[in-house]
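One chain, chain A, links the two complexes that follow: it is found with chain B in the first and with chain C in the second.
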Partner chain A sequence: MSSVVEVRGLTKSYGKESVVRNVSFTLEENKIYGLLGRNGAGKTTIMHMITAQQFATSGMLKVFGEEPYENNRVLSQVCFIKESQKYPDNYRVIDVLEVAGLFFQNWDKVYAHALIEDFRLPLKRRMKKLSRGMLSSVGIIVGLASRAPLTIFDEPYLGLDAVARGLFYNRLIEDYAEHPRTVVLSTHLIDEVSQLLEHVMVIDQGKLILNEDTEVLRGKALSVAGTTAQVDEFTKGREVIHREPFGGLLTATVVGNGKAEDRKRAEALGLTVAPVSLQQLIVHLTNGSVRKAGEVE
Partner chain B sequence: MSMSMDDSRPIFVQIAERIEDDIIEARLPEESQVPSTNQFATFYQINPATAAKGVNLLVDQGILYKKRGIGMFVATGARAVLVEKRKDQFYEQYVVSMLREAEKLGITTDQLADMIRKRGSKHE
Partner chain C sequence: MNRAAGVLKMHFQDKFGYLYLPWIILLSSFTVNIIVGILVNEEKGFYTGGLMSIYVYMFVMGIVVVAQSFPFALGFSVRRSDYYLGTVGLIVVLSGIFSALLTLFSWVEVLTNGWGVKLGFFHLPYLSSGSYVQQFLVYFLAMLFICLNGFVTGSYSKRFGKTGTFTLFIVLFLLGSLFSLAMSYYDGWADLFQWFVGKTALDLAVRSMPVSIIFAALSYLFLRRVTV
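Let's look at the complex of A and B:
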């Protein structure tokens, strides 16, 4: 499978402060990636470098096999939907679509207008008169209808209600199934998107701390509850990512091998076993209280 | 999200199990066509690659087979194979956990057997 983005030792510093530290990863063709992490973790900076809006301090960065800076061959294949996209003052919704149609080679005008109906957007309204949620919808429509070989959504749904978010997920899966392309989704609503993601990358304090197929992660961690003695017996020699005492009881989240034996062993010890969602796993990995940044193995 | 998956196991395994359920309960009769990978993906709102992995799990086991250019079909004899497989899992999945809960509540094996017979006689 050919790679769309290749990043090796990517670093971005402002003076002495590094916001992206020695990050390496590869994005393969036609997969949906989740780029996850807390606010200020460095996700947006990474996306800005991939899309040639910021220079890296050091490291290697190739997009479609080439350097992206001032490179039209690369940039015409990339669509980057930002959380805080600014539009010229006099632009209406329809003007944004017209310009997007000029810029993106695979732009589907009919599809864009169908999406406008789906999201109930007023075509003739000025962008600056749109609500926050409507602005987000415009970004989503441009991102979907661009059908760009590399489409990046950075927190695309500020102010967007649950119905519109559901619509976005639906349309994304449908259109991706028909027109496969590489998609990067950066979001905090992890539970909402975890089923859509084929691969997950987690950034914490500028470092890539997790880079794994979603299906491998699913079921890997489990949460056990019982008396402190029982829990300690089970967690001995295992990686504990979260501990929470409650009266005489203890709840612990451990990274297991994802196999059924783990669960059976916990149950045999009399522990209550509960699954850990991807969102919970990432919250535990990035809250910084228990573990140092490291990899899940 | 409709028909959401449980968090403890990979989604592709759960997709395969749902197709198996449909075959066992004859909602998908033998030699009938199975929805496409993309149809599964949009219906369950999951990644198409994950849906494909679930379907392929059943192709590898000979439960489904591919007709080139047409799609995926349920193999003849698939139902019997799946029923046997589920019977093997029945003890582990249901009996063991039932016994554990019964023990916790102080229900004896005899009392448990009585409950099952009482319930069973209603069905006969």
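Let's look at the complex of A and C:
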């Protein structure tokens, strides 16, 4: 069985207001997913429902083939790291790690302590006294060292500097290579994680508006660079997502048909073909609905 | 591993809050009383209510434990029922340990004639009558009752939020007033007091058990439906 999460017509409403509307998707085993969308789009609510911390109003939800609610076979395989995670007042960093070892069956204590060194966290400091970035680091360490078959990171890097974020991405990729699992990354920083994601889902106003493999997405557009005249020749009559002039030069991203002809024609015109920014592509495909989110940080 | 046992261990990760602090408070009160005992040097000896502090602490602990650890545990993939079992386990274990210690202190207190200053801190009239087993049961059942009362309050407020808690207390207040009015109207107070007077501490402690069980059952029903 390769489907880790199966969601059909999932809906969550508070009174008349729906925060998640009729969402359907499947998460497969050992893939890295990006769950993207603006604040309040419903990402966190969906993840809360997957982990049985909130209840769906209607719809079908299966995790590892079963209902997650009060189900240890499911929950013991899931690690959900969220920005809003609460910790008991008296807990120190070390206490959080000890407790994580009690509940995550694949918990690797040695790895967790190596990560503590990497992120330079003070083990004996109380959680309450940690800075926002340090608090995020604790979540990241728990998420990585738990090695849960389904690991979900919801905005895991609030307050983290670029160095620590880079460290997170590196460690994630390294550990994922050694211990494959299903990872869901919910994030605003699309470009930063674009190299990591194998599949992208975009949520807007509670609806799933894009659900596509990253490869397929990239095939949908083409970025070319050359002299303005050459580029204009190539882009004539085509949909241009992005134009960036620089002196007499121009870089343009155009919607392609995903076939090799485009690339050949561009090369024949003497243009340089470059990979497309996933962020631009998603912004375009979702009619700008995630643009603001992408620009936040 | 059994995940309910994991929850119990999780609670004991905070030994200071659950094990040491109540005794630091109780023993501080005890120390002050000893000093007072030395200073006043009362011929007939004296009793204090310092023992109450640990019961008040356990009540508050029962309330606070939910807010402190439930969202955390749920976020760490713990089932609600495992959280519940582990936390009731904590309450039972703590009440057991504390009551055993109280009984031990009570024994020493009698042995040393009130710690040499005729102080009645652990061994109190009425409460500590009967054998040490009986004493233990009185301490234990009373503590369970009080702590589970706190736990059901904490679980209720986690389930129904501020508005729900506020509503509950208004309703309880109204019911209390109605009850007291009815008792006065039907001259029931005297009978009620008579009923209490006729009972030993152990009688009352044993009779608290069904209520404690109801508290525990209600806590479960509330926690089952809590979301974060």
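In this section, the second predicted complex is superposed on the first by the 227 of 297 C-alpha atoms of A that agree within 3 Å, B and C clash if a C-alpha of one lies under 4 Å from a C-alpha of the other, contacts with A are read in each partner's own complex, and residues count from 1 in each chain.
Just so we're on the same page, a contact is a pair of C-beta atoms (placed from the backbone, for glycine too) under 8 Å apart; a residue touches a chain by one contact, two chains touch by 3 or more.
Keep in mind that what you see is a predicted model, and the values were worked out from it rather than measured.
**Student:** With both complexes overlaid on chain A, does A:T57 touch chain B (first), chain C (second), both or neither?
**Tutor:** neither
**Student:** Have a look at where A:E178 lands relative to chain B and chain C in the superposition and call it first, second, both or neither.
**Tutor:** First partner only.
**Student:** Using the superposition on chain A described above, determine whether A:L222 touches chain B (first), chain C (second), both, or neither.
**Tutor:** A:L222 sits against chain B, while chain C stays out of touch.
**Student:** When the two structures are overlaid on chain A, which partner does A:L196 contact: first (chain B), second (chain C), both, or neither?
**Tutor:** first
**Student:** Check whether A:N170 is in contact with chain B, with chain C, with both or with neither, and answer first, second, both or neither.
**Tutor:** In the superposition, A:N170 contacts chain B only.
**Student:** Return first, second, both or neither, reflecting whether A:S13 touches chain B, chain C, both chains, or no partner chain.
**Tutor:** neither
**Student:** Share the list of chain A residues that count as touching for chain B in one structure and for chain C in the other.
**Tutor:** Comparing the two interfaces on chain A, one with chain B and one with chain C, no residues are shared.
**Student:** Quick one: which bits of chain C touch chain A in the complex? Just the residue numbers, please.
**Tutor:** 1, 3, 6, 9-10, 13-14, 16-17, 68-69, 71-72, 74-82, 224-225, 227-228
**Student:** Under the touch definition given earlier, write down the residues of chain A that touch chain C in their complex.
**Tutor:** Residues 48, 51, 53-55, 70-72, 75-76, 78-80, 82, 84-91, 95, 98-100, 102-104, 142, 148.
**Student:** Please output the residues of chain B touching chain A within their complex, sorted ascending.
**Tutor:** Interface residues on chain B, with respect to chain A: 1, 4-12, 37-38, 41-42, 44-50, 53, 100.
**Student:** What does chain A use to touch chain B in their complex?
**Tutor:** 31-32, 166, 169-170, 173-174, 176-178, 180, 192, 195-198, 214-216, 218-219, 222, 258, 263, 267, 275-278
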